[in-house]
Amino acid sequence: SDAPDETPAGSGSSGAATAAYKACMVTDTGGIDDKSFNASAWAGLQAAKTQASGVDPKYVASTAEADYEPNLRGFVTQKCNFILSVGGLMGDATKNVAAQNSSQQFGIVDSAIEGATNVYPMQFATQEAAFLAGYLAAGYSKSGKVATFGGRKIPPVTIFMDGFADGVAQYNKAKGKDVKILGWDKAAQNGSFAEDFASPAKGKALASTFVAQGADVIMPVAGGTGLGAAEVAKGSSGKVSIIWVDQDGCKAAAQDCDVFLTTVVKNITDAVEKAVVAGATGQPLTATPGYLGTLENNGVSLAPYNQFDSKVDQTLKDEVEKLKADIVAGTIKVESPSAPA
Amino acid sequence: MTTEAPPKKEEPKKEEESFLSLFVHNLWSANTVTVTFLSILLALVIGAVLIVVSDSEVLATFSYFTARPSDALTASWDLISRAYADLFKGAIFDPAAVSAWFNGTGDWQTALNPLSETLTYAAPLVFTGLSVALAFRGGLFNIGGQGQAVIGCVTAGVAGFAIGLPAGLHLVVALAAGLIGGALWGFVPGLLKARTGAHEVITTIMLNYTATLFLGWLILQNGVQDPDRTDAISKTIDSTAGLPALPAPLRVHFGIVLAVLVTAGVAWLVNRSSFGFELRAVGVNPPAAKTAGMSVGRTYIMLMVVAGGLAGLGGATQVLGTADRLTDQVAGNIGFDGLLVALLGRNKPWGTLFAAILYGGLRAGGNLMQVDVGISLELVTVLQALIVIFIAAPALVKAIFQLRDARTARLGASMAKGW
Amino acid sequence: MSTATVDDLTEATAPDRFWNRQRRLGAALVIIGLIAAVIFGSLAESATARFTISEDAEGAALSINGQFGAILFGIVTVAAGGALLAGVAKRWQTLLLCLGIVTFVFSFLCWQVAGKFLPLVDTLSGSLELALPLILGALAGVLCERSGVVNVAIEGQFLMGAFGAALVGTLATSVWAGLISAVVGGVIIASLLAVLAIRFLVDQVVVGIVLNLLALGITGFLYERLMQPDALKYNSPPRLPEWRIPGLADIPVIGPVLFETNLLVWLALILVVVIHLGLTRTRWGLRTRAVGEHPTAADTVGIRVRGLRYMNVLLGGVVAGAGGAYFTLVSTGAFNKNMTAGAGFIALAALIFGRWTPFGALGAALFFGFAQKLANYLSAVGSPVPNQFLNMLPYLATIIAVAGLVGRVRAPAADGVPYVKS
Amino acid sequence: MPLRLELRGITKRFGDLVANDHIDITVEPGEVHALLGENGAGKSTLMNQLYGLLQPDEGEILVDGEPKVFRSPRDAIAAGIGMVHQHFMLVPVFTVAENIALGAEEVRGGPLGWLDRRRNKRDVLETSKRYGLPVDPDALVENLPVGAQQRVEIVKALTRDVDLLILDEPTAVLTPQETDELLAVMRSLADTGKSIVFITHKLREVKAIADRITVIRRGRTVGVATPDTSEDELAALMVGRDVSLEVTKTPADPGREVLKVSGLIVDDDRGVRAVDNVDLVVRSGEVLGIAGVQGNGQTELVEAIMGLRPPRAGAITLEEKSLAGRTTKQVLRAGVGYVPEDRSLDGVVKDFTVAENLVLDLYDRAPFGNGFKLNPKAIDESARERVTQFDIRTSSPQSTVGTLSGGNQQKVVVAREMSRPLKLLVASQPTRGVDVGSIEFIHNQIIHERDVGTAVLVVSSELDEVVGLADRIAVMYRGRILAVVSPDMPREEIGLLMAGVVTPEAEDTE
C-alpha cells in the first residue's frame, strides 16, 4: 500500500497537544473492563473528550492494592491536570498522595476524603434508584418471587440490595401482597454472593438456583459475574428477566439487551464527565459538598425499559414515576447502612 | 592388545592463553550468568515484538514497510526504546531526576523513588519466594504460599490494631503473629500429607481459596471493620506496629532489611542446620532418609510449618509495611508471585532474594511504563514468564546463541520430581 | 527319602490388625451418622422437605418430613458404618462407604430443605455445568500424565482456549470457528509444554507453572490492547447453542439434565468413556500406560516413547482447549482477563483426586460441582451461615475427601520423569 | 532364519569412563556365546548397543555381513534380535499377557487398534507351553515373585520369534533348579539354529552351556575361551589376577543372644504376607547368613527388624529389649548397623557429598551436630578419616556420592554403618553390583566386625557369598525359614532348600 506523504509525528500518546487537559484515571484492582464502576468512570473520561476540547484521557490499571500509590504518583509526575481514583478502597492512597501534592486536583468515585480540599468526591445515593427497581420488580414478577445477589459483600454492592429490598417491601405494603425477595435479608445484612466479580459461571449457577426457587426477576450486582444471570434469563425463553446495574445494560452488555427489564443506573459516567469538563473549562471543583448523585439530579436513575417498554404495565410505570417524585420530594426516605453520609 | 591411553589434557597450552581470551571464551559458554543474562535479553526481544504488534499506530506504519521501511523502524524503535527506558527509569533510577537532585532543582526523594519502589515490591516476595523454595528443597510443592500469606496478613493485621503495646514490642508481636498464622496454615497440609498422604498440591490450593474467603468474612466483622467506613476495610494498624519506613513519598520500609536477614537465616537453615540436612535429604531421596532413621513425615510437617511461617511473614510485611489496613485483596498476588521468584532463584535462598528484587524492579518499572506509554502490566507478566522459561531450558538458550558447553545448573534440579 | 514342600502363604494364620482402614472408615461413618441423626435431626423443622422432579417449583416431588428424613438417613449412615466396623467382605466395602456418605448428605439435605424444596433438575444440571470445565481439564491431565508428562498447565490451556474462541469466534462470527480456535489455543500451550518438557527436559512442574503465567500474560496483554478498546469487533463471540434431543429429554430428571444441553457437555461425557476405553482396551492405551509407567520397558519393545508422549500431550491440549471454550462460548459471551480464575488448578486437583482415571476425574469434578451448587442453594434459600463459609464448602469438602477417603494416591510411576537416552 | 552377528571395534564412553573399549565379538548361527565378566565390566553396555538402547561412539555392527545401525530397539527387533534385560523391562501394573503383548499387540478394528485380548493370551500360553516356561497370563506382574518375572521376560522375547537372543544375567534370580531348566531351554533353542548371547559371571553356568566364551574386563575383551577352560583360568581372566573366591576367616566364637526374632509375621506393600512366622537368633561373634532366592521375604524381614516396616505379629528383641514399635532412628541408636540392599535408593543420597553421606544417621549427634546446628568441621574431619580407613576412592570428601563408582558408594555405606559401636550388623546384599576388589574388602570388614564380637546378619541371594561369610545359614523360602544349616552342607542341598524342597537331612540340622 502507499506510504503517507509525511512522516507521522511520534507515536502513542506522546503527540498530545500542549494545551491539553490531561484527565488521568487509576482503576482499582477490578481493571478497566469490570463492567462496573471502573468502566463507567472511563466512559465518563472519554465522553468528556467530546464535550470539551483538549481533554486527553488516560488510564492505568492497578493489578494489586500496592499499585495504587505508585500509579497515582506516576500521574502526578506526568503532570496530569485531573487525577481520578475509582472506588473507596483507593481512599487511603488518594489521601496520602493528595496531601503531598496539595496543588494537584484529584477526584474520587464512591468515596469522600475528609479534610482533603483537593479531592473532588463523587458519591451516589444508589439505594434510591434501587428502591424503584425493587418496586418495579415486585410489580413485574408473575411468580411473586424476586431475587438479587452480589459479587462480594461490600457497601457499593449491598447499597443496591438494600434499596431493592425496600422497594419490594414498599410494593407489598402498598398492594397488600407478599412478594418474596431471595438472596438478601436487609435486616440481617446477609445474603448470596458469588465472591467473585468476574466469573459468569458462578453467576449462572447462582441465578439458576434462584430461578429454580421460583424467582423470575433477578438483580445481579456483581459486574461480569452478573452476565451469567443474563445467560440464565436468555435460556428461560422470556420467563426470567434481569435488572442490570451501574450502566444501562443495553449499552454495557448489548448482546443481552433482550433480557434487561431495566437498569439501576449509577451515573458515574455523567458525574465524571461533568467534573472533567468543569475542570477543563476552568471551573472550580469544590471538595465540599462535592457531588452526590441522587434521583433528583439524575445522578442515579432507572434506565429506560428498552425492549421491555411494551411488556411493563402502564400503571406500574406510573407508580414507579410517582415513587420517584415522592423520593425526590423527600416524602419517602430510602435508607441504607451503606449509603454515603 | 593394549590400546592407547586417552590423550592427556594439554596443560601447557591452556596457560599460554591470555586471561582475556579465556575470559571471552568462558563468557560465551553456557554458564549460569551468561544464560541468565541472555534469557533476560531474549525475553525483552520477544516482549518488544509483542509491544509492536499490539500497537495499532505502529502497526500501521508496517503496512507500507516496503515503500518506506524507515517509518516502521523508527516508530517501532521509538515505542520500544521508550517502553524499556521507562522500565529502567521506574525500577532503578531516572537520570533526569538524579541530575536534578545534584543541580539542586530536584529532591533526593524523587531520585531515589524508583529504587524505593523496587524494594517495596520485592520485600514480601522475598518471603513468599523463600517459602516456596524451602518447600521445594524438601520435595514439597507449596502452591499454598498465597493462602499462608493471606492468613499472615490477617493475624499480623489484627495483632496490629487489636492490641495496644509499646512501639517496637508491638511490631515484634505483630510480625510474630503473621509468622504463626502462616505457619498454622502450612501445618495443615503438612500434617495431612504426613498422616494421610493427602497430596499437598490439592490441599494447598483448596486452603488458598479458604483463606481468601475467610479474610473476606473477617474484615466485615465488628471489631475488625473500620467503624467509620462502610467498605470492606479494617481498622488502621497502630503506628506502634508499623514497620519503620523512609519519609513520606518513599515507601520502602524495614521489611526489605528483614527480608535480607531472613534470607541469611534460611540459607543458614538449609546448609548449616540439622533440620536443613534433614530436609535436603528428604527432598532428594526420601527412602534413604528414612533408612538413615529420619522421620520423613515429621520433616514434611516441620517443613510446611516453616514454609508457611515464611509466607505468613511475607503477608505481615505487606500489611505492616505498605498496606496499613486489611482489605479483601491486601495480599495481592504475593503468594503466587513467590512461586515464580523461587523458580527464578533456582530455589536457593540468595538466588530467591535476587530474583525477588528483579521481580520487584519489573513491577516498579512496569508501573511507570504503563503510566507513561500505556503498555499494560501484563507485558511484565509475559517477560517474567519468558525469563523463567529460558533460564529453565538452558539448552534452548544454548542452541539459540550457539554457546559453548559448560556446566549449567539446571533449574529445579533438586525439585519435587513429578508427583 | 520323603520330601515335603512348604504350604502356601495364604494359609498362614496371623491375626489381622484390628484398626484397619475399613474399620477406621466405619468408625468415622458411625460418628458422622450419629451427628446427622442427633444434631441435624434435632435442628430440622418437622416440615416437609420436597425434592422436586419437574423443572419448576410446583409439580411432582419426592417428599419427606425433614426431621424424620434427617434422622432416618443418619441412622442408615450409622448402619453402614456399623457394617464396616463389624467387618464385611471386601466387595461390599466400597458400596457401603458410598452408601454411608450419600445418606449423610441426604440427612443434611433433609435438615436444610425441611419446609422448603430443592429442585433436582436444577441441582444436577447446575452441578454438571460447574463441573464441565473441570472434567475437560482433568481429562487433558489424564491424557498427559498417563503417558508420563505432568500437566500443571491446564489453567494456561483454558485461558488460551477461551481467548482463542472469543477472538476467532468473533472475527469469523462462527461458534464452530471459535471452538476450533479454542482447541488450537490449547494445543499451542500444550506444544510448548511438550517441547520444553520432552525435548529440553525442563522440570515439568516448572514449565507448567510458567506456561500458566505466560498464557495469563499474553491473553491479558492482548485483551488490554486489542479486545478491550473494541469489544464489538474482537470480543463478542456467538454462543454455543443448546440442543434438545426429543424423546430422551422427556425422561424425568435425567432428561433435562443430560439431553437438553450444549454440545460441550456431551463432548465431555463422551470423552470420559472414550478415553477410558481407549486407555484400557486399545493398543494406544496400552502403550500410553506403558510409557507412563516404565518408559524404558516400552522402548525395549520398540515403542517410540517420546513420540507417543508428544502425541498425548498435544491431545491433552485439544481437550483442555475445548474446556477453555466453555468460558467464552458457553458460560458467557466474552473473554475477560484471567477469567478462568483458577479452574485449571481445581481440574488438576480433580485429576489427582480421581486417581488419574477418566471416571475418577469425572467423579471428582462432579463432586466439586455439586458442593459448589449446594453452597449456592444454601445461600439462596437463606442459610444463616455466612456466605463466605458456604463458599468454602467445595474446598473444605475436597480437603476432607482427599485426606479421609483417597489418601495416598499413586501417580503413574514415570509421571514427570523425562525419558533420556545416552 | 539363522543369523550371524559381528561386532567390530565397539567403543562406548560415559564421560571419562570407557565402558566398552574396541570390543570385537562374533556370534555364529546356532551358537551359545557366553559373555563373562565381573560386575561393571561393560557387558550390559555392549549388549544395549547391540539392541539399539545405546549408540556406540565408535565401531560397527554387522548382521550377516551387512553393516547395520540400530537407532532404537525397533531397529534391532526388525533385524531379528531379542533381549532379556538384566533389570526387568516389565510394567509392574500390567498383567503378564499385557506385558508380553506390548509392542506387538494383536488388534482388531483396524485403525482403532482394539486389543484382541483373547489372542494375546493364547499366544502367551502357546509359547509358554512350547518351551515349558509356565506363566499365568492374567497375573499382575508386580504380584509375581522375581523368578516368575524372569520367566515372563523370557517368554516375551520368545513370542517375538527372534533369531538372536540376548540373555543378560538371567540366572541371578533363579534357584539352581530353575537355572538348569533355563539352560536346557537355551540349548534347545540353539539346536533350532537360533544364536544366543548369554551373560553371566557364574563360571559353572558358562561351562555347562556355552559353545564359546568371551571374557570382558574393564571394557575390553581379554580373551576368548572354550568351555573346557578350567574355572580357575576363567576366573583369573575375568578378574585380571589370581583370586581366592573364598573368604578367609577363623571359626566363630558365638556368645550371648543379641538379636532374637520370634513368631514374626510381616506383610509387604500390597498386604501380601511376606514373612510368615519366622524365628531367628543371632549371637554375638557369629554371622548368620540368610540364603534364598530374591523375593522370598528377606527384604521385609530386614525392614521389620530395622523398624522400617511394622510387623503384623511377633517379637523382635535386641539384647532382650524389644524393638517392636521403635522408630528406625531408635533401632539404629540402639547399636544396630544397617547396610540396605538397594544402595542407590536406600543407602546413599546421591546429591549429597561423601562427607554428608558418612553422617547421614549421625548428623544431629555430637560431634557432628547438636540437634540444632551442624558442625561442618567435625563432619569433614571424620570424613577424611573414613575415606582413608575404608579406602574410598574419591577425589575429595566434598564430591557428591553420585560421581563415585558403585563399589565406592557401597564402601561409603559400609564405612558409615561400621564407624560406630555396634551390637548388631544387618547387611543386605552387601556386595551387589560391586567390583571384586571391593567385595574382598567389604567381606573382610564384615568378618572383622564379627571378630570384635558383633552379631552379624547377612542376607544375600548369592549362595557363594552366604556360604563364604556365614557361620550358620538360614534358608528362606516363601516367607519361612525352612531350615538352619551349616555352611558345610553340600550346595545342592542348600539349592534344593532354596527351591522349597525340604529333605529329612535338612530338617535335622539344628
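Lettered A, B, C and D in written order, each chain numbered from 1.
Just so we're on the same page, a contact is a pair of C-beta atoms (placed from the backbone, for glycine too) under 8 Å apart; a residue touches a chain by one contact, two chains touch by 3 or more.
For clarity, every value in this text was computed on a predicted model and none was experimentally measured.
Colleague: Taking each chain's centre as the mean of its CA atoms, which one is farthest from the centre of chain D?
Modeller: Here the answer is chain A, farthest from chain D.
Colleague: Can you tell me which chain pair comes out on top for contact count?
Modeller: Maximum number of inter-chain contact pairs occurs for B-C.
Colleague: Need the CA-centroid distance for the pair chain A / chain B, whole Å please.
Modeller: About 36 Å, centre to centre.
Colleague: Indicate the whole-number Å distance between the mean C-alpha point of chain B and the mean C-alpha point of chain C.
Modeller: Centre-to-centre distance between chain B and chain C: 32 Å.
Colleague: Find the geometric centre of each of chain B and chain D from their Cα atoms only, then give the gap between the two centres in Å, rounded to an integer.
Modeller: So the centroids are 47 Å from each other.
Colleague: Any chance you could list the residues of chain A touching two or more other chains?
Modeller: In chain A, the residues touching two or more other chains are 61, 153, 195.
Colleague: Two or more other chains touching the same residue: where does that happen in chain C?
Modeller: 223-224, 337, 386-388, 391 - these are the residues of chain C that touch more than one other chain.
Colleague: At least two other chains touched by the same residue of chain B: list those residues.
Modeller: Expected reply: 55, 213, 216, 376.
Colleague: Please list, in label order, each pair of chains that touches.
Modeller: A-B, A-C, B-C, B-D, C-D
Colleague: Which of the residues in chain B end up touching chain A in this complex?
Modeller: Residue list for chain B touching chain A: 55, 57-58, 61, 63-64, 67-68, 71, 74-75, 78-79, 82, 113, 117, 120-121, 213, 216, 220, 229-233, 248-249, 251, 318, 322-325, 327-330, 332-333, 364, 367-368, 370-374, 376-377.
Colleague: Give the list of chain C residues in touch with chain D in this complex.
Modeller: Residues 1-6, 8-10, 12, 14-17, 281-284, 286-287, 289-290, 293-294, 296-304, 413, 421-422 of chain C touch chain D in their complex.
Colleague: Using the touch definition from the top, list the residues of chain C that touch chain B in their complex.
Modeller: 150, 196, 200-207, 209-211, 213-214, 216-218, 220-226, 337, 342, 345-346, 348-349, 352-353, 386-389, 391-392, 395-396, 398-399, 402-404, 406-409, 411, 414-417
Colleague: For the complex, give me every residue of chain D touching chain C.
Modeller: Residues of chain D touching chain C: 14, 51, 53-55, 72-74, 77, 83, 85, 88-94, 98-99, 101-105, 107, 112-115, 156, 265, 272-273, 276-277, 312-313, 477-480, 482, 500-504.
Colleague: Please name which positions on chain D make contact with chain B in the complex.
Modeller: 18, 21-22, 220, 222, 306, 308, 327-329, 331-333, 338, 340, 342, 345-352, 356, 360-361, 363-364, 369-374, 376
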